[in-house]
Structures are given as structure tokens and as C-alpha cells.
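To start, I am sharing the structure in question, which I have written as C-alpha cells.
Letters A, B, C and D mark the chains in the order given here, with residues in each chain numbered from 1 onward.
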Amino acid sequence: MSPGAIELVLFAFVLLTALATAAFRDVLAAIIVFAAYSLGMAIYYAVLLAPDVAMTEAAIGAGVTTLLLLLTIAKTVRPGRDEIFESIHWSGLLVVGAFTTVILVTVTSFPEIGASDAPIVSNPEVSQYYIEEAYHDTGVENAVTAVLAGYRGFDTFGEAVVVFAAGVATMVVLHTEVFTRD
Amino acid sequence: MTEDPTEGTEANGETSSREANDEPSSTDSQLPTETDAMGPGGTYVESQVIMTTVRVVAPFTFTYGLFLTFHGGGSPGGGFQGGAVVGTTILMIAFAFGIEPTRDWLSNRTVVGLASGGVLAFALIGLLPLLVGGRFLEHAVYSDEFGLYHGKKYALEGVEIVGIAPIVSAIVIGLFFTIAAGFVGQGAAWQSSGPGSYPEHDLDGGDEE
Amino acid sequence: MTPLVDVLTSRYAYVLFALLLGIGLYMIVSSQNLVKKVIGLNLFQTALFLFFIASAYLAGGQAPIVHHGGKEATYVSPLPQVIVLTAIVVGIAVTAVALALLVRIYAEYGTLEEDVLREVRSDD
Amino acid sequence: MTDPTVAPVLLIALPIVAAAVVLLAGLRWPRSGWPISLVALVLEGGLAAWLASAVFGDSGRLVHELGAYGRPGENEFAVGIELVADALSATMVGLIALIALSVLAVTRRAGPRGVPFYAAYLMLIGGLMGVSLTGDVFNLFVFLEITGIATYTLVASNRSAPAAVAALKYLIVGTTGASLYLLGVGYLLMATGTLNMADLAATLAGEPSFVDGPMYTDPLVLASFAFIATGLFVKAAIFPLHTWQPGAYDEAPDGVTVAISALVSTIGAYAFLRISLSVFTPAFFEATPIVATVIVTVASVSVVAGSALAVMQSRIKRTFAYSSVSQFGLVVLATGIAVHPDAGASAAEAALIGAVIHLVGHAVVKGGLFTAAMGLALDSDARTIDDLAGLGRQSPVLSAAMALLGLTLVGVPPAVGFLGKWYIVIGAMNADLWPVAVVILLSTVLTLAYVARLFEQLYFTPAPSGDEAGAEAPADTSDDHAMAADGGNSADDGTEEHLSDPTPGAPFGVVAVAVGAAILAILLGFAGAEFADALEPFVTEVLGQ
């Protein structure tokens, strides 16, 4: 499938904001551009028919992450340097360029986007099974929720534990025994 | 300020718990309004406009968070998104009314209770089916064995509502306040010397090794 | 050359994924500021999410909210979307721990610039 | 609940539930962390024993279908997640349960402590159990991340400032590694449409009707293996992806170093072993011979470079840290030999048994060495190898444990270090991979070099100043400790007895665990043959002979 106009605009927006995030020396500027990037991604996900993911990216990627990043730089001092942009780190660019090229080479063997014969979509025993049986097996209509809390509920258990672990982690890292106050 | 890391760890548990119990306030919090816990730069501005806006908006976002949580079964959304929105509502309040008053208002018991309680509730929903020979998280047991009406659906949604949503909202809040309180350790000596001040590295000179 | 261009335009989202992966990795490797390193880590992960979401996409399909049986329409695959949901949450958890560490490192050393930090530490 | 298939899920859920309970109970009783952890981990030990007896007994491979979604039809794919316990995972579970209890004894007095610490520690154990038992490649990622977050946290639990920097470095490198793993999983999913390990293996082999044939040479599958292997090599600290590891080991609190050195990189190496054998299977390596060659080469470099870097260190903990780079290289090397297309049946079998024995043996030995190092640091503030001068007389028990464990590390028979290396060398020689045998020999010589330095300092260099209470009744103490070590690391270790302990610095728990590890390393050496027999059915099954 060739990209339509919306996809092209999103493509350009996401790529530019990502580049700007990398380029800005000022951390506050980078955080704000990164929030715009996350929102662009969220819209991109929605265009690719993933409303749940779009909503999560907007609430967590653009929302909570940005808040925490802002809080962090408020707790620390921004670098008071004059340059607006980062200088280019050539050896890093070389390594990363090689890595990106490898990925691009593998991309040529990917199935086309939206192809109905891609195994991930067509696999009759997993993805198609979820579509056909999710309502019967779990009683909910949103197949994403059915897979998330039903079929792959254990992943979600692990995920909830990761969130809990992050909370415990900040307490240990910052040497406090309370989240707020006794 | 210990020379030897081991010595430091030896006293670690004791001192930190005592600190937390007897003297819970961080260095910042002793000056609740003048320099806010946002730290160097003092970003908190008491604004009637913002406070009123938040007072109006907060109930709606809170309700929206709950709505997302409860309606994950039939439409996009679920415990993670809903929990995050509920948590963010509290952060919004903290931004409007100041972090310190909000921190006082939200007791640690509530936050820990929600987070730990969420994990326990999730685990309990998962483990109960084992009692009757089922598997972990076998939601169907709730309708087939325990005879609950629409049991498998409610168990699945229960995981989102009493498990994930409380954990996520509590941890979002907890993360925010612990990070806002900052680190009260070795470096705190210079931190309290005023907002935006640069540290004197010599203070810690020769500490390591 | 044209076949390659064709191949890549029909996989444009994957091209974006590759480029974003590169930008993220570059930020992780090259940024002197630790906050930017953490942002780079996030960018790297969002590139992965785009990969999963694009791989689930089905032209002419619908979002996987299936009304009773789902025989009438075709739907995108829910599985990669669920993986991304989980991975987003795991990502924010890791980020939060990283930010807590940054706050502590700043409190200890008074800087988040890697070169300054290296200097301060070698002085000790 | 007498069905052993519930054991895997309980093993994972119990520490996690306990972590939540610790935090909750901490609100009221700030000192309840240790007792709750102890109860949970003792129960965990019981569960691990139950699982092991079932798996090595009559049950064989156990599968717990989470949510009971199962497989819609005969030979069809799993739609839910499965937990799988076979001989390899049961071994890991036993190891984790044992070391988890030992670390609890080690940190009892020497710290770190506190409610959040115990919660994080229990979460680490839950994460490790999850990685060991899951049969799903994405679920493995989730538990790898729980393990990761818990480990970064525990490293940063040290009060010292450099610990935070080491933890952040570990976090950035570790998360990049985990993301690469996830990328590999994504490629696999794209190529096959499933995440279940057994189903992936079947799909790659071309079994289901909807694939055209074996997919081993599909570029996506190859790229997937490359990403997964790179990601897991980061976690297992294989040279040159080990950069996070020495700092993390060195700056973490001593008690935490014991846990992460014995368990965390071990789980990375386990995951690599598991994915290579159960997802890609030896047939993949047969179809793409270059892959096994690359693995063997990378691992060989790690084996030599790790030992060489270890020789160059002056700090004790860093020496042992680099030594781990070499030892995990050896485990990966053995995996590479086991799946090498040139290796015949007997060579592959020997190499695989060697890999498992070395994985377990290294965990016991390295955990013991770090415990001994911790004890000596508490006794005499010894942090560098030069600080060890004369401690052979001052702290005879700990020094003896360290010396013994050092010899085990070199591979002196009959201890477990020898046994693992022996099997691996046999495998290499049977597979006609002579350079590999030379590499192992070279690394053994280098290991001998730094262990000899330990010996020289401990026993042949006089202490810098006068040693006061040096030769105080060494015979008595060693008896005491040996008895305690036999009894395992029971509840009261390091509480009352501490007062009567003749070495005032190191608490009893630390000494007991160090001595226990040394004894266990030797016992495992003797029991190795039986263990190899017990692994036999598993080995023949995964190697497909």
C-alpha cells in the first residue's frame, strides 16, 4: 500500500520532531519537541487502526513521561550553554548509520504494510482466532482488551508488577521509605 | 559522608527508616510556600486562574479516567489509560495548588495501599481459580465454578478495575512526589543552600576510595 | 533503483521505524546530557512500537473492536497492539527509574553533563 | 492442589505477592521486611523442591496453560501464555531459590535493609522465576524487565554516589539490550504470527499447513536471531557488551553484588540457552552454519578478554566481575558448540551438559567468592587485592573459603568448576574445534594468574602492620561454620550467634554462606555425574537425537 496524504504529513512531522529532539542542545526544548513527537506518534497509531495504543501513547507517552521529564529538569539545572544545537558526534553517527542500514536492508524483506497474507495478520491459529473467538471466550468486544486481560493476562500481570516495581525503585533510589508523607 | 561504602550500608536500613519516621520532611518542605519543592528555579506560582480552572476541570478528568477504566471491555481504553488519567488529575492539582499542600493532603497510606492493594487484588483474581483446580487467571472459572453471572467478563474487567487502575494511578502519583521531594542524601548539604546554587564539589572531595 | 524505491514506499512506516531507531540510538550513544540520553532511550522504544503497530495493520480492515463474532468485516491483528500496550507501560516504568537516578546523580554531583560528571568523578 | 503443574505459577506469584505485602506491612511495622521475605523465600524453596522432584521424577516436562485458553485443537497453536518447566528451568528455579535464601542471610546484618529494599529484592526473585519458567518469548521480555528494574534499583540502594551513576549506566545499556531483544521478538512475530516458544519452533521448522516450509534461512528469522542474541549478550555481559557490568558489581552494596553476580547475568545466559534450544532449535544452526561459528568466535573472545581484564584489576570486586565476563563467555561458547553443525551427537551432548553445569557452578562459586570478599571487607576493610595481605591468618575461615572457591574457579578437580569445563572441553574436542580448547586453556592460565595473586596476598604476604588477634583458635571456628553451613542458611543465622562469633567484623550469616558455597561447590563436583544423568533425557530431547 502506498502512503496517502495523511500518512505522508505524519511521516514528515514525526521524523522532523525526532530530529529536532536529537538536535536541540537545550533540554527543555528537547522535552517539548519530544512531547509533540509523542502526540504525532499517537495520531499515527490511530491512523494505523490502533485506538487503544494511540490513547495510551497520548496519556502515558506524551502525558506522564513529559510531566516526569519536566519535573526532573525542574529539580536539576539546565545547561547554560550558548549553542542552540548539538554538535555532531561523528563516530556515533557512523555506528548508528551502519545499524540503520542493516535495519533498512531487513525492511526490504518485510511483508508489505497492510498485506492480508502477512503471517502476523493471517495466522489462522492466533490472530484470526482472537478475532473470531474473543467475544465467546472472554465476553468483551474489544479484542485488544480480551487479549490484554484475557489470553495474555499474565503479561499484563507482569506489566502491572513492572509499574509497581518502578514505584518501589524510586523509593530505594532516592532513599526514602514513603511516597508522599506519613 | 562515609569513607567506606560498607560502613554506609551497614547503617543504611536503620538510619533511613528513622529519618523517614521521625523527620519525614525533606529540606525543601520546611519552607512550604517560599521555595516550592519544584526545586531550583521555584516554578510554582500561585495563580487564581489556574486554581479555578483546575477546580473545574479536575472532576471531569477524574470521571473521564474512571470512564476509561470501566469501559475498556467494549471500546478503546482500560485500566492503564484510565489509571494514568486519574493519576495525572492529581498531578494537575499539585501543579495548581502547590506540591507541598497536595503531598500533605494525600497520605502515604493511601498511595501505598492502592499500589500494593492493586497487586494483591490482581494476584487474588488470578489465584482463586487454582483452588478449584483451574489455572492462573482462568476467568471462566468465575462463571462456571463459582456461578457468578457473567463471571468471566467481570473477572476480566475486575483485573483492569481493581488491579491495574489503582496500581497505575497510585504509582504515577507516587513517582511524581518522590521525584519532586528529591534526594535527601549526601548532596543535600548544598541543595538546601538555595535555589539554583551550584554545588561545591570540594565538599565531597576525597570521599570515594 | 526503482524496484528498491517501490519496495520502500510500500513499506514507508518501516522506513520511518528504521530512521527513528537510528535517531534514538544516536541520542543514546552521543548525547552528553543524561536527560537527553533518557529521551533517546524513549525514542528508540517508540520506534519499536511503530514497527509492531504497522505490522498489525491490514488494508481495509477495522480496529479490533469486534461486534459479536466478527465474521462480517476484517480486522487488524490485536496481538501486536497488545504487545505495544505492555511495552509502552514497561518503557515509562524504566524511564521513571532513570529519572529518579538522574535526580540523585544531580544531587550528588551537581551536573548531568557526562563530560563534567566524568571530570568530577576522576577528581574524587 | 497436589497437581505439580500449579508450582510454576506459584513460584512466580509468591515473591510478587510478598513484595506487595512487605510494602503494605511496612506502613505499620517498619522492621517486618526481613521476616516476611524469609517466610516467602522458605516457601519458595519448598515449591522449588516440589517442582524439581516432579520434573526430575516421573512427570517430566510440565506445562501450565495460564487462563486455560489452551490450544483450540490437537496440534494447534497456544492462544494464551504457557509456563513450561523442564529439567533446565527446574534447575534454574532450584538455584534461584537457594541463592535467594543465602543472600537474605548475607544481608541480614550487613545490609542493605529497609522496607523498599526487601520489596525490590522479592521482585527481583519473582522476575528471575518468571524468566526461568515462561514458555513465551514476549512474556520473557516482561520478566526480563522486572528483573532489570529490580537490579538497577538494588545497585542504587548503595548510599555512595558512584552507585547511582553505575546504576544509570546499567539501566541505559540494559534497556537498550532488552529493546533489541524485543525487536528480535517483533521480527519473529512478523515472520510467524506466534510468540509461544514451542509453536515458534514448529513454525520455523515448517510444520503447520499455512507455512510453505522450513523458514530457517528467511532473512527475518536470521535478523531476529541476531537481535535476540545481541540483546541477551548485553544482559549476560558478554565482551564487548559487558561495559555496564564491572561498575554495577563494584558499586552495588556487597550483599547485592552476591545476588546479582550469582543470578542476574546467569538469567541472561539462561535465556540465550533457552531461546537457542527451544525456539530456534539445532536445526536452525544446521541450516545456517555461519551463525554457530559467529557465536563460538564471539564467546571465545569474551572468554579470553574477560580473564585478561580480570588479571589487570586491583580491586577485588572488579577482578571477580571481569572474571564473570569470561565465565559467561564459556557458557555461551558451550551453547555454540552444542548447536554447531560440526558437532556430532556425543559432542553436542557433552557441550550442553557442560553449559548447564557451568551455569549453575559459576553461580554458586561467584556468589560464594563475593560473599567471602564481603566478609573480608567487613573484617579488615579489604577492598583491593593488596589489602588482602596477611588475612589468611587474621580471617582464616573466610580466607580459606575464598581460596577454595578461587581454585574452583580455575577448574581444579574435583570441584564443580572443573566438571563444567571438562564437559565443555570434551565437547569442543569431539567437535574438532581445537582452537576452542586452546582458548579455554588460555583462559584457565589467566584465571590461575589472578587467583594466584589472591593466594599470594592471603597466605604469603605479611600484613602491613602487626596482626593482633590473628591466630585465635582457627580450628574451633571452622568447625562451627561447617556445621552451620550443612544446615543451610536457616532463620536464626546471624542473629544471636553473632555475639559469640570470634570474627567481630563479618556477621555469622556472611561467613556461613561463604563456607557453605565452598562446600557446595565441591559437593556439586562429586554429584555432577548424577546431575548429568538427570539432564540426559532433556538433553537428548532438545538436541533432537
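Here is the rule we use: a residue touches a chain if its C-beta (ideal position, glycine included) is under 8 Å from a C-beta of that chain, and two chains touch if they have at least 3 such contacts.
Because the structure is predicted, anything quoted here is derived from the model rather than measured.
Of the two chain pairs examined here, A-C and A-B, the one linked by more C-beta pairs in contact is A-C.
Centroids of chain A and chain C (each the mean of its C-alpha atoms) stand 5 Å apart. With centres defined as mean CA coordinates, chain B is found 22 Å away from chain A. For the pair chain B and chain D, the distance between C-alpha centroids works out to 32 Å. Chain B and chain C have Cα centroids separated by 24 Å. Counting partner chains per residue, chain A has residues 51-52, 56, 60, 64, 68, 71-72, 75-77, 110, 118, 120-121, 126-127, 130, 137, 141-142, 144, 146, 148, 150, 152-156, 158-159, 161-166, 169-171, 173-175, 177 touching two or more of them. Residue positions 16, 19-20, 23, 26, 30, 66-67, 114-115, 117, 138, 142, 145, 149, 152-153, 156-157, 159, 161-162, 164, 167, 189-190, 193 of chain D each touch two or more of the other chains.
Across the assembly, chain B contributes 16-17, 20-21, 74-76, 80, 108-109, 112, 115-116, 119, 123, 126, 136-137, 139-140, 168, 175, 178-179, 182-183, 185-187, 198, 204, 207-209 as residues in contact with two or more other chains.
The touch graph of these protein chains is complete, with an edge between every pair of chains. Residues 16, 19-20, 23, 26, 30, 66-67, 69, 72, 76-77, 79-81, 114-117, 119-120, 123, 126-127, 130, 136, 138-139, 142-143, 145-146, 149-150, 152-154, 156-157, 159, 164, 167, 187, 189-194, 199, 208, 210-211, 218-220, 223 of chain D are the ones touching chain A in the complex.
Chain A meets chain D in the complex at residues 102, 106, 109-111, 118-127, 129-130, 133, 137, 150-155, 158-159, 161-162, 164-166, 168-169, 171-173, 175, 177.
Within the complex formed with chain A, the residues of chain C that make contact are 4, 7-27, 29-33, 35-36, 38-40, 42-43, 46, 49-50, 53-71, 74-82, 84-86, 88-90, 92-97, 99-104, 106, 112-113. Note for the complex: chain C touches chain D at residues 21, 25, 28, 34, 37-38, 41, 44-45, 48, 51-52, 55, 79-80, 83, 86-87, 90, 93-94, 97-98, 101-102, 104-105, 108-109, 117, 121. Residue ranges of chain D in contact with chain C, taken from their complex: 138, 141-142, 145, 148-149, 152-153, 156, 161-162, 164-165, 167-168, 171-172, 175-176, 179, 182-183, 186, 189-190, 193, 195.
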